[in-house]
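Each of the next two complexes has chain A plus one other chain: chain B in the first, chain C in the second.
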Partner chain A sequence: MNNDVLLKVDDVRKEFPTHSKEVVHAVDGVSLEVRKGETLGLVGETGCGKSTLARCMAHLYDVTSGSVWFDGKEISTLSRRAMRPVRREVQMIFQDPYGSLNPRRRVGSIIGDPFAIHGIASGPERKKKVQELMELVGLNPEHYNRFPAEFSGGQRQRIGVARALALRPKLVICDEPVSALDVSIQAQIINLLADLQKEFDLTYVFISHDLSVVRHVSDRIAVMYLGKIVELAPTHELFGQTRHPYTRALLSALPVADPDTADSREQIILGGDMPAATNPPEGCRFHTRCPKARADCAAGEPPLISVLDDRQDHRTACFHPLTIGEDMSTAVPDLKAS
Partner chain B sequence: MTAAIEMVDVLDEPKAIEGRSPFVLALRRLRKDKVAMISLAVIVLIVLMAIFAPVFAAITGHPPNEQYRDIGLTPDGLPRGPNGTFWLGTDDLGRDILVRIAYGARVSLLVGVIATAITVAIGVVLGLAAGFLGGVVDTVLARLIDVVLSVPFLLVAIALVSVTGPSLTVTVLVIGFFSWASVARIVRGQVLSLREREFVEAARSLGAGDRRIMFVDVLPNVLAPVIVYTTLLIPVVIVTQATLSFLGLGLPPPTADWGGMISASQNYYTTAWWFILFPGLALLITTLAFNLFGDGVRDAFDPRADRT
Partner chain C sequence: MALLEVRDLRVSFDTPDGTVRAVRGLSFDVEAGQTLAVVGESGSGKSVATQTITGLTRGAQVSGTAFFDGTDLISADQSTLRRLRGAQIGMIFQDPLSSLHPHYRIGWQIVEMIRAHDTVISKQAARQRAAELLTLVGIPRASERIDDYPHQFSGGMRQRVMIAMAMALDPALLIADEPTTALDVTVQAQVLNVMRRLQEQFGTAIILITHDLGVVAEMADEVVVMYAGAVMERAPRRDIFYRNHHPYTQGLLASLPARSGDRLTPIAGSPPSLISLPAGCPFAGRCPHVFDKCRTEVPPLTDVGGDPRHQSACWLPHTVSEAIAS
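Coming up: the complex of A and B.
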């Protein structure tokens, strides 16, 4: 793996106005880089802004502030027309294999869409390309005349993959590509994505709320909480050397196959709910639920930097990062100013 | 562009597996609906009657506008009842009612189909634009829809016709102009929810433009309610046309049309029951057949809808 940056997100914010004049801070100042050939995992609870960030990366949303750079070019300010050539190189796979395929169109024309939109192939040539793609993702090419409703969830997601790969993109943003599927089907799709990555030298941004899936596929993982990245590290470090209390809490919620280990391991149950994104807490966003919260957590916002003796590529946004082996289950928050 | 897309669908090798489209499935359900099929047969008969109206004239030997003052009227100058020469009787001017009903079907169907087509075309395009583009376009079009729906249709029609004089074109345009709003409202509502669907976002992420998304991705998804509404709109338009004629705003005489015939029969309903009955029946049977067929289409395209 080389270290060339393919996609750079620089201090991106995305706000949505609501009817009651409040503003949802869906993504609130996120910076990260996606390197060529890697898979960057993006995890977080529902509503933490992962999908919004993904859509900002693909410039499906205009960012409120900040910038997105693809292959050395700023794309967050491009007009829809100017964005078209970039669309060939940045593709998305969507979460819902039922909603992301037009129910009234045949699979052949759905997968053929990229060719039609970019005027690449038409007629028999397009049909041939579509059938090649279908074969590539493990679908029966003879089914190209069928409608999405005639396929199972896993097959539909393969259709979505085929459509995303049609133009041989460099970057594929997978927005919870397996969350809507059965576990057995999840593995098939993940393996398919891995095979395709090898074959076509793809770069993935892989979004999921399921840490075990992300761990399996990612080279690096970014953990999001309430619109911000709280920890960003290579996969093995994030699991072996967890710094952020929120990451630790997420990890402790991972199901374990062995019941003996499951009973004895550390359980961290966070109090309360995620605060509303319309009115995020002052200071560290996590301090309202963090067992290790101190007075300074509420006062200032921790920067995303490498903490303790971590290397440069392991960054954590926390004033009181965890040391290895620290037991967090007995920690008690103390927010009184000392 | 559309032709190119269809290529994928059309260029079939024999081995290819045919997908069953929602449309084909709906047609299959429709074919099993007895009432709808009987209604369709009645509609076909009425259409045939309109097409072959000159045949009626030839068989009876009575042109539609020929006034038989001698054999078609009683010595008192009243219409004659049904008999061997005039099978459905004559009207106040001694004309053959059967032949005039056949010719009247032409007017009703022509206005019904053309005015409905105009209505649906305007309604779909404006509804799509309002729902999909949103913003200022939507605000303006939504208000326009409200305005058109709140205008007293008949009063404006009467005023307009008294200015321009009655003609087929004016009738069609008046009906078309005042009916598109309800189609646009239906389409807009559907599009508002459709444009938030993920497949629209997917199309956008592929680089598709607004026009392509509107017509290739969104339009096929609103076609079912539009087809249903269209079949139910035709009888409404036919009745509206008859109403305008009844009020003297239809086609200028001596053109035969059902509304005008019913209007002329008003003074004779005590003495000549056939004069009002047969044109009225023609109108009733036609609208009933279209309505029942429309109900069948609705059930076929939306099996979940209530049958009430």
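Coming up: the complex of A and C.
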């Protein structure tokens, strides 16, 4: 494995059984690498598998097949006990600053948990470390004995950040960390995460359904649809040189807070709903809604490769990728034509 | 005269911790066929205000007036309100699942709603109308899906069902409270598109309550920016984005993830408690331009640059908006 790679996901599949004996193919053959010091954005809509993938990365789920490697070591097969030292280095921040903090415990002990679990510090030493962390994330250390309910949403997310950073992890997986927050508060947390990344050389996987947030924080972005990555590229290329029709549709659907742009652009409105992950379409999974779909899209599955004259770094899973400047708003699918 | 004229609306709730003053002197007009966006963050009072207008807040102390087509909705009795709701004023909410009864087929629910207001229509004709409405909001195979239950629809499709229901009796006003907040962006684009299309077709006025400035830029004619229960600024859409005056409006826009990839500019601190509001301007504690007067006197909503359509509640000079605008 390349030295720059901190985490590697290799052909990971994660399936969940349902009551009706069907199988949800939540993540269906995903491979990607997270490089040291970068922020890798993971975007997609509800049910695309981004959160499941994140949990597989942190080995909170056992993968159905495939493997996850952290710092050169395969972690997807490790037992709970063997996973323990790795947990210190891979941490998660969750969306819901209400649901992820025990309401009956004081924030000092919530943030101090990682020290207790890993037997690192106790007594006054632990308290000192916790208060340093609180200061670091912009909380008043004097509020050590307060309960989560006494904090606002933004402050609670700071508690979640402090807890994640307690053991000085190398990788932090942020699953929709700002989605529940108001915009003015969201910006505070995004800036905080950026400062901490610089200070501690952190690597982030940043999951969000909000493209404008992901665009702001990420060095590279992976776009997911129905359990698969459809496009993976450096941020500026994903936006400037969009190849996959689904990526284009996603970008086009994003409301822009600028009346002139909103009035002048041609929006691409996708038809229908995302198909069920219990029974994904054959071939390219997006072909049932894709304005550019042709016969081959239904027949075979496009591999995630660099297309047209893209560099190795920009990979797209599409048989008919968009060329630069191509207008997709007038495209019509034709599943009989090749 | 405007379709809806709200004047000095005040809503407060008694809680064990004290009186929450959720809406404090709100006034606005909605013109026929236009979209008024009410934008604000959690606790700004934007939802409470419209729920009060439609008589949906319980146990609140309410004062002020809201004249809709000659009727004051605030002083109207329940039966008048019931008659207006649905027939004249349609409503859609953030979570369509909690607004649809899980036990009944959606066609039945739409038919019930139509027949509750139209006592002469036959069941058959109401059902026909329900199918038309579902087609109108873009539900494929509407005549088959009319007999499905709410859980058989996706989130976006459910929200379309809600829009179909809200539009069933061709209301003059549609109140949409965060209608797309729970939806994915591609689905949001579909639903907003349906709302735009229906407005063009039927001339419905829309009050769109949202926290999303992107949605405001896409949909609004006029915008009201609320903070801590009061209006900070109101203006036509382009003025809010390009010639804004109030530091809170500017702060909201600056908080948005920028295209440049530079550092974001959040608004420092957090909103005040609605139980113990500070004297003076409610935004003073977070405002980068704050001066002494802001902390003692509440600034009134007054015209910006002599334009009565553009008002700001701020003590900064109202003549130099271009210079202050970010």
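Operating definition for what follows: the second predicted complex is superposed on the first by the 333 of 338 C-alpha atoms of A that agree within 3 Å, B and C clash if a C-alpha of one lies under 4 Å from a C-alpha of the other, contacts with A are read in each partner's own complex, and residues count from 1 in each chain.
The rule is simple: a contact is a pair of C-beta atoms (placed from the backbone, for glycine too) under 8 Å apart; a residue touches a chain by one contact, two chains touch by 3 or more.
Small disclaimer: the values here were computed from a predicted structure and weren't measured.
**Student:** Following the superposition defined at the top, how do chain B and chain C come out on chain A, clash or fit?
**Tutor:** fit
**Student:** A:S109 contacts which: chain B (first), chain C (second), both, neither?
**Tutor:** Only chain B is touched by A:S109; chain C is not.
**Student:** Of the two partner chains, chain B (first) and chain C (second), which one does A:K36 touch, if any: first, second, both, or neither?
**Tutor:** neither
**Student:** First (chain B), second (chain C), both or neither: which does A:E142 touch?
**Tutor:** first
**Student:** May I ask you to decide whether A:A58 touches chain B, chain C, both, or neither, giving the answer as first, second, both or neither?
**Tutor:** In the superposition, A:A58 contacts chain B only.
**Student:** Contact-wise, after the overlay, does A:G153 reach chain B, chain C, both or neither (first, second, both, neither)?
**Tutor:** Touch status of A:G153: second partner only.
**Student:** For A:Q188, select first, second, both or neither according to whether it touches chain B, chain C, the two together, or no partner.
**Tutor:** In the superposition, A:Q188 touches chain C alone.
**Student:** Rounding in steps of 10 degrees, give the angle chain B-chain A-chain C taken between C-alpha centres.
**Tutor:** 80
**Student:** Touching A:S100 in the superposition: chain B (first), chain C (second), both, neither?
**Tutor:** A:S100: touches chain B, not chain C.
**Student:** Given the touch rule stated above, what does A:K129 touch, chain B (first), chain C (second), both, or neither?
**Tutor:** Neither partner.
**Student:** Upon superposition of the two complexes, what minimum C-alpha distance (Å) separates chain B from chain C?
**Tutor:** 11
**Student:** Taking the contacts chain A makes with chain B in one complex and with chain C in the other, which residues are shared?
**Tutor:** Residues common to the chain A contacts of chain C and of chain B do not exist here, since the sets are disjoint.
**Student:** In the complex formed with chain A, which residues of chain C make contact?
**Tutor:** 41-42, 140, 154-157, 184-190, 192-193, 211-218, 237-238, 241-242, 251-253, 255-259, 261, 263-268, 270
**Student:** Help me check something: in the complex, which residues belonging to chain A touch chain C?
**Tutor:** So the residues of chain A in touch with chain C come to 45-46, 152-155, 182-188, 190-191, 194, 209, 211-213, 215-217, 235, 249-250, 252-259, 261-262, 267, 269-270, 272-274.
**Student:** Within their complex, state which residues of chain B touch chain A.
**Tutor:** Result: residues 1, 4-9, 11-12, 15-22, 197-199, 201-209, 212, 216-217, 220-221, 223 of chain B touch chain A.
**Student:** Quick one: in the complex, what on chain A touches chain B?
**Tutor:** 55, 58, 60, 80, 83-84, 87-88, 91-92, 94-96, 99-109, 112-114, 116-118, 122-124, 126-127, 130, 142-147, 149-150, 160, 163
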